[in-house]
Amino acid sequence: MTLSKAEMAALVARDIPAGSFVNLGIGQPTMVADHLDAGHGVVLHTENGMLNMGPAPAADEVDPDLTNAGKQPVTELAGAAYFDSAASFAMMRGGHLDVCVLGAFQVSAGGDLANWHTGAPDAIPAVGGAMDLATGAKSVFVMMTLFAKDGSPKLVPTCTYPLTGVGCVDRVYTEVAVFDLTPEGVVVRETFGTTTPEQLADALDLPLRLR
Amino acid sequence: MTLSKAEMAALVARDIPAGSFVNLGIGQPTMVADHLDAGHGVVLHTENGMLNMGPAPAADEVDPDLTNAGKQPVTELAGAAYFDSAASFAMMRGGHLDVCVLGAFQVSAGGDLANWHTGAPDAIPAVGGAMDLATGAKSVFVMMTLFAKDGSPKLVPTCTYPLTGVGCVDRVYTEVAVFDLTPEGVVVRETFGTTTPEQLADALDLPLRLR
Amino acid sequence: MTTICADVDEAVADVADGSVVLIGGFGMAGMPVQLIDALIRQGATDLTVVSNNAGNGDTGLAALLARGRVRKMICSFPRQADSHVFDGLYRAGRIELELVPQGTLAERMRAAGAGIGGFFSPTGVGTQLAAGKETREIDGRHYVLEAPLRGDVALIGAHRADRMGNLVYRKTARNFGPVMATAATTVVAQVVQVVETGELDPEAVVTPSIYVDRVVAA
Amino acid sequence: MTTICADVDEAVADVADGSVVLIGGFGMAGMPVQLIDALIRQGATDLTVVSNNAGNGDTGLAALLARGRVRKMICSFPRQADSHVFDGLYRAGRIELELVPQGTLAERMRAAGAGIGGFFSPTGVGTQLAAGKETREIDGRHYVLEAPLRGDVALIGAHRADRMGNLVYRKTARNFGPVMATAATTVVAQVVQVVETGELDPEAVVTPSIYVDRVVAA
């Protein structure tokens, strides 16, 4: 048994400290918002210039001037603030966000992140705010499947895809386990279903430590 | 006959192009504001974070939250905007002000400005925004007496006082003449009363050109 | 002094071939579509366009790209679900791309507007996007030196202007407008409404009039 | 998360000896006088204070200086008609002074808040205030490299806060408050009024709550 994407999102939401300022990357990380408890006081930041972003609007309340980083319509919660892109990225790069949650192609044991470019010759590269987030947030959480479609691990000794940031990832959420990337090495924080740390150690080309 | 301070201020005001964005330094340059024609559309900037600053208020309308760079009470004109100090100096340093008017201890023929520090051992130095203005404004006008109290010229071959900025002054208004500092040298733009360019050439240790 | 233009064509009449054009917007939010349409009619070509994205769908920036007027895009995120115009040009080798992290893109324009000659950023250190750039360790952290990015023209979308040229924006459509307004020689703002001077709250003005050369209601 | 403090003494209770304290205000406009009075009562000493001026008259920052609590002032304009407290300490050799051009002072704090490791500024090139600093010619213009300036604590004066900690200021009392709020580990804002969350216009918030640790009405 492995976790569904919704279950992974709920897990990440559970681990975000109350009152944190959080940026959720485009794609799967956006789902984390659905699992944040309103009473928890987490404030969502969107790179295009807003704090205290709310959920998607009803179809008849879509405002083209109010979108998230994925260009999807969102809403405004009480206490929101708007600012321009230079101010938004100053906030990110300056270390003011507590947590960001990003997707990844690969994460290395040392915390290197690759999530912006496959490096394929015909690929059109696009980086957006990923490098700023990876560099700036106090804690960088990654949500990804542990294995690529071809079965190769995505938590690796060294990234083969072009890097987004060096030594920046703190924790990796996957469908079978959560890993903490620490100065002492990769720590298995928890496993799900029938997965055991021994199975993970067999499947990954990495030394793993138990929590 | 020499010009009064008010006459000098009127002269400077006359030379500021319509619609300019202008910063007036503390002290004598502040008087230029009294001679600007409202229909001329000149917008005054104050370094502490405002555009479209108005004149001093009536005594019973003083607002301690609304002051100029000299900490004197001022007023707000229609179309005003407030911004913080970082934004105000970004505007100054970024070359967006058309004209600034500053006082000076000395100006060199090459346009060096000395106006922040006498260099005396017991003097307490204070620079404020003078270096930012001298460096950033498109045109830097100086208002000063041509001679110090001891009779020595203040328009000099080389400044002996500590510099505020290098090669930054475009024009010098004095009680006896106005000078343009050009790549070809110091040009006498106009003289007042009985003063002649020949007298100026005798009194100053500088080659002078006529306009 | 800000000119209130009669129409968008007047507002972009003098854009020269070969110009660096800063175009506001994050996706379509804040994109000055009517100004871009006017620029298409005006005919300037061989342009370098700086914008966060490289066009969405077939309107606005995408339409300018489709006409072959843009030699080079400087942006952070060209690849999107609806970026087929750019994708086609790029794959055909008909457009150059300079990819810049979004925060560095904003900060490079901020530096240009603020008179900063260069700045050390931690973003991108150790990645392909820092390749060939000067790096430096400062207080134990690694940085890459980034240069200011200036425009000849900025085309931005704002919400309201007063007749002096002060601007306010609306929600996340603000994005790149304010920083682009500081970084270009000529700044043209398309707004929904021009109000009388004095009608905007001076505490809430986002782009002061000093940065705005032309305003047009569109 | 922002704490709404019951009084100014609670708001500054943990300021440590030897701290770098950023203090807002341009002269008395925007100076958080009640927070400074609380800091005097609290007793922290050996402080480095960053503020545009070095105190006016005998209240606020001048009172803190008069108590001998400040080892070093970093400011742009200490000498004023009413700066007799600072003048006396300086002439007696009882306080250090680091003089910084006002725009560089603001930009160094902005850099600290924005994660910038250093920046090239044209201000001060060729003057005593650039002596000993790295210089560089970039595109034909000369620049001096300036370093970020961080605080342990910022004490600022704003006009209103909501309960989340979003701040708005009033007129030219805004000055250094917003940039100092980005540049210190702990940011304490003294406001005239705390309003319910939702009562401030999100378009007009100047300092978003993320930058504010403590708010106190005073």
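Which chain is which? They are A, B, C and D, in the order written, and residues in each are numbered from 1.
The definition used in the following text is that a residue touches a chain if its C-beta (ideal position, glycine included) is under 8 Å from a C-beta of that chain, and two chains touch if they have at least 3 such contacts.
What you are looking at is a predicted structure, and each value in this text was computed from that prediction instead of being measured.
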{"item": "Comparison of A-D and A-C (more C-beta pairs in contact)", "value": "A-C"}
{"item": "Inter-chain centre distance, chain B versus chain D - centres from mean C-alpha coordinates, in Å", "value": "28"}
{"item": "Chain B and chain C: spacing of chain centres that average the CA atoms, whole Å", "value": "35"}
{"item": "Where chain A touches two or more other chains, by residue", "value": "76, 82-83, 89-90, 92-93, 135-136"}
{"item": "Chain C residues counted as touching two or more neighbouring chains", "value": "107, 110, 114-116, 121-123, 169-171, 203, 206"}
{"item": "Interchain pairs in contact, sorted by label", "value": "A-C, A-D, B-C, B-D, C-D"}
{"item": "Footprint of chain B on chain C - complex, ascending", "value": "1, 110, 112-116, 162-164, 166, 182, 197-198, 200, 202-203, 205, 208-211"}
{"item": "Residue numbers on chain B that touch chain C, as the complex places them", "value": "18-19, 21, 41, 43, 45, 51-52, 76, 78-83, 89-97, 135-136"}
{"item": "Complex interface listing, chain B residues touching chain D", "value": "46-50, 63-68, 71, 76, 82-86, 88-90, 92-93, 117, 122, 124-132, 135-136, 162-166"}
{"item": "In the complex, chain C residues that touch chain D", "value": "107, 111, 114-123, 136, 138-139, 141, 143, 147, 168-171, 201, 203-204, 206"}
{"item": "Residue numbers on chain D that touch chain B, as the complex places them", "value": "26-30, 52, 56, 76-80, 83, 86-87, 90-91, 97, 99-107, 109-110, 121-129, 169-179, 206"}
